[in-house]
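Labels run A, B, C, D, E and F following the written order; every chain starts at residue 1.
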Amino acid sequence: MATVHLVGDDEAGSDAAAVFADIRKTRNSDFINNFWRALAVDPVLLKRTWEEVKAIMTAPGALDPLTREMIYIAVSAANGCAYCVHSHTASARAKGMTDAQYGELLSVVALAGKTNHIANAMQIPIDPEFDAGAARSR
Amino acid sequence: MATVHLVGDDEAGSDAAAVFADIRKTRNSDFINNFWRALAVDPVLLKRTWEEVKAIMTAPGALDPLTREMIYIAVSAANGCAYCVHSHTASARAKGMTDAQYGELLSVVALAGKTNHIANAMQIPIDPEFDAGAARSR
Amino acid sequence: MATVHLVGDDEAGSDAAAVFADIRKTRNSDFINNFWRALAVDPVLLKRTWEEVKAIMTAPGALDPLTREMIYIAVSAANGCAYCVHSHTASARAKGMTDAQYGELLSVVALAGKTNHIANAMQIPIDPEFDAGAARSR
Amino acid sequence: MATVHLVGDDEAGSDAAAVFADIRKTRNSDFINNFWRALAVDPVLLKRTWEEVKAIMTAPGALDPLTREMIYIAVSAANGCAYCVHSHTASARAKGMTDAQYGELLSVVALAGKTNHIANAMQIPIDPEFDAGAARSR
Amino acid sequence: MATVHLVGDDEAGSDAAAVFADIRKTRNSDFINNFWRALAVDPVLLKRTWEEVKAIMTAPGALDPLTREMIYIAVSAANGCAYCVHSHTASARAKGMTDAQYGELLSVVALAGKTNHIANAMQIPIDPEFDAGAARSR
Amino acid sequence: MATVHLVGDDEAGSDAAAVFADIRKTRNSDFINNFWRALAVDPVLLKRTWEEVKAIMTAPGALDPLTREMIYIAVSAANGCAYCVHSHTASARAKGMTDAQYGELLSVVALAGKTNHIANAMQIPIDPEFDAGAARSR
């Protein structure tokens, strides 16, 4: 099931094909997962999204790539996005996530889900001590 | 605004007071934030929740405490929990989160929010390559 | 803050005024809460929504009115709707919800929030034993 | 999988059958999709829901029917409702949604998902310039 | 599809096996549903979650067990958790939920979903009459 | 309340100041709303986000700018993003949204919220007629 046809390699126009080629080169793999084949129905959206994913998830930075993947999984679980949970859990494992790390990730996601529901159910007022709007300056 | 009265130190029964004391001892701080003062209306829920938070967020483990806080923030942002976002961003900063780390956290959360919406809008079928149900065994 | 002007009694057109009058009569109270004053900017939406609320929340049925309010609170907490959480917690209390009942409601909402996040994070396949599509017939 | 048996034409009681007949007449099609067959387990809920859908989605109004379908898709994607995304994307296409319009719809939904996550993660205070509560009067 | 291997009886380590045994004993049934088989990849999370479920969902209390299941379903529907909706609807039926009760549960969940969206779309300010933070004291 | 300091004009570094200048030029207004002042704590995220907003919300396309704003509001309401609801409702009004259009937008958002909850609560199987994955080809 999908709302669009998944674009095969032989169906991709030149703009989509160029993105597919960059995905393959960046990942050093021939595999193009369905997310990109679906987005290929709109090559502008495909290119913008891929370039953002490439910049944010693979460039060197202050967080290591595995930490970024675990944050991605956390958001995707909270949003109930089955596709994203599956694809980024696979990515996290490919980047070395151990069973122990995964178990702790699940425990934190579960705990946050729990306390989010409590705080939203009780509409707990935010302590002024947590306000950074006034206290910090760059 | 809140759906309950926030329990002050002089209003807490013995069960709630014992939890307040353990929070102060564990954190080495006199500050009890409103989340615990609200939960104190149900001492059983207060105690169960605090013990889980203490076990998951502060015990040694495979993920460092700052990474756990960032995962917590990610879930709370996705769930739109204002209280939890504020309290755990403050915790992450207290544990050393730099501006560069925070910027990357926001970038990953934003990107995941974006692609979650795309995948949910297109109902993209999950690639069989991502299925771990059959492939892994312990 | 609001995206619309809240309609005062002296500003309401005849259609909105008629709904306000029915709210007052049904509830036997002069108080019109802000939800209805905001909806009054669209009298058709106001009337349709009030009639649905009246039918579902106050008519005799298989669930007692307090149980319906607690279900309402549960959905509103999960959706992070601050207004709805506040208004229906007040309604539940007015219908006799005890502190013990409220504490259990919070405990179930918190637990469901937790396991929802776990199940969504692990994308656990649904046991065929839970499928009612085939098994039941009327 | 479903939590209820889907009601076939030969199983529908007279109230459900009357709604099925009105759906067929309104849409000028024999096809009854599963949403209505599931709701038929509660004929009151079936009838109320169908009449609301008919009134809001098909009556003449200030928004053209295709715009209404795109708004419906946007909400359904944000809520992760697989069924609703599929059924309303099919409806939008039947009402003439082009590939270019669909691509822009996806782009706006994705962007909103992204900035919603940023604003929720940073808990950005609302500018007083956006408050319509005081400024507008009817 | 799943992000983990589901742990079979013959694969469970002693900690997981002890939880499986307690589930069977508590429920007086040999059936272990997939939720627990997935969680078994992290025996600590498995044990903590099961003990919480057992305490909250089965212990005597101020809410009857069927009411608790309906609240659980409400949260799970709002969060779009397919697994939890299926498993707890089955539990609610096993505890005697009638078709009439289920129809009313659906009606309240649907109405709450509707008004949550209205209140969130209009950002309706909370009436001071609903504030319990100041008014109640224990 | 906010998790960051809002960057004033005199505090912005050169990268942030350049984005602020482009916002002012594009909108032909001196007003910089808080969203951009918060994002300015990470000039890379600020620039990337602004350029995407500019491209998607203001460039000529297949959907008129007001329709895009209404889709934006719909997603933001579903996600409970108070800031985004306020800012984009103001934008929609500035682009000519009438009270009648706004009323219909609210009605569709409310109806989608309702049926999303029903479909998620019943886990209704998707009709094969809605599958575009196989049927369409470009």
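Criterion: a residue touches a chain if its C-beta (ideal position, glycine included) is under 8 Å from a C-beta of that chain, and two chains touch if they have at least 3 such contacts.
Not measured: the values here are computed from a predicted model.
Colleague: Could you tell me which chains are in contact with subunit E and with subunit F alike?
Modeller: Under the touch definition, subunit E and subunit F have A, B, C, D as mutual neighbours.
Colleague: Identify the chains adjacent to both subunit B and subunit C in the sense defined at the top.
Modeller: Common contact partners of subunit B and subunit C, which must touch each of the two, are A, D, E, F.
Colleague: Farthest chain from subunit D, going by the mean of C-alpha atoms per chain?
Modeller: B
Colleague: State, to the nearest whole Å, the distance from the C-alpha centre of subunit D to the C-alpha centre of subunit F.
Modeller: Each chain reduced to its C-alpha mean, subunit D and subunit F end up 19 Å apart.
Colleague: Between subunit A and subunit D, what's the gap in Å when you average each chain's C-alpha atoms?
Modeller: The answer is 27 Å.
Colleague: For subunit B, what residues touch not just one other chain but two or more?
Modeller: 1-4, 6, 41, 45, 49, 52, 74-75, 77-82, 85-86, 89, 99, 103, 105-107, 109-118, 120-123, 125-126, 130-133, 138
Colleague: If we count contacts the way the header does, which residues on subunit D are in touch with subunit B in the complex?
Modeller: 73, 77-78, 80, 82, 85-86, 105-106, 109-118, 120-123
Colleague: Using the touch definition from the top, list the residues of subunit A that touch subunit D in their complex.
Modeller: Subunit A residues touching subunit D: 1, 3, 41-42, 44-45, 49, 75, 79-81, 133.
Colleague: Can you list the subunit A residues touching subunit B in their complex?
Modeller: Against subunit B, the touching part of subunit A is residues 1-4, 6, 31, 33-35, 38-39, 45, 49, 52-53, 56-57, 61-63, 67-68, 70-72, 74-84, 86-90, 93, 98-101, 103-105, 107-109, 111-116, 118-127, 129-132, 138.
Colleague: Considering the complex alone, what residue numbers of subunit C touch subunit D?
Modeller: Contact set of subunit C toward subunit D: 1-7, 11, 41, 48, 52, 126, 130-138.
Colleague: Would you tell me which residues of subunit D are touching subunit A in their complex?
Modeller: Against subunit A, subunit D makes touches at 80, 82, 85-86, 89, 99, 102-103, 106-107, 110, 117, 125.
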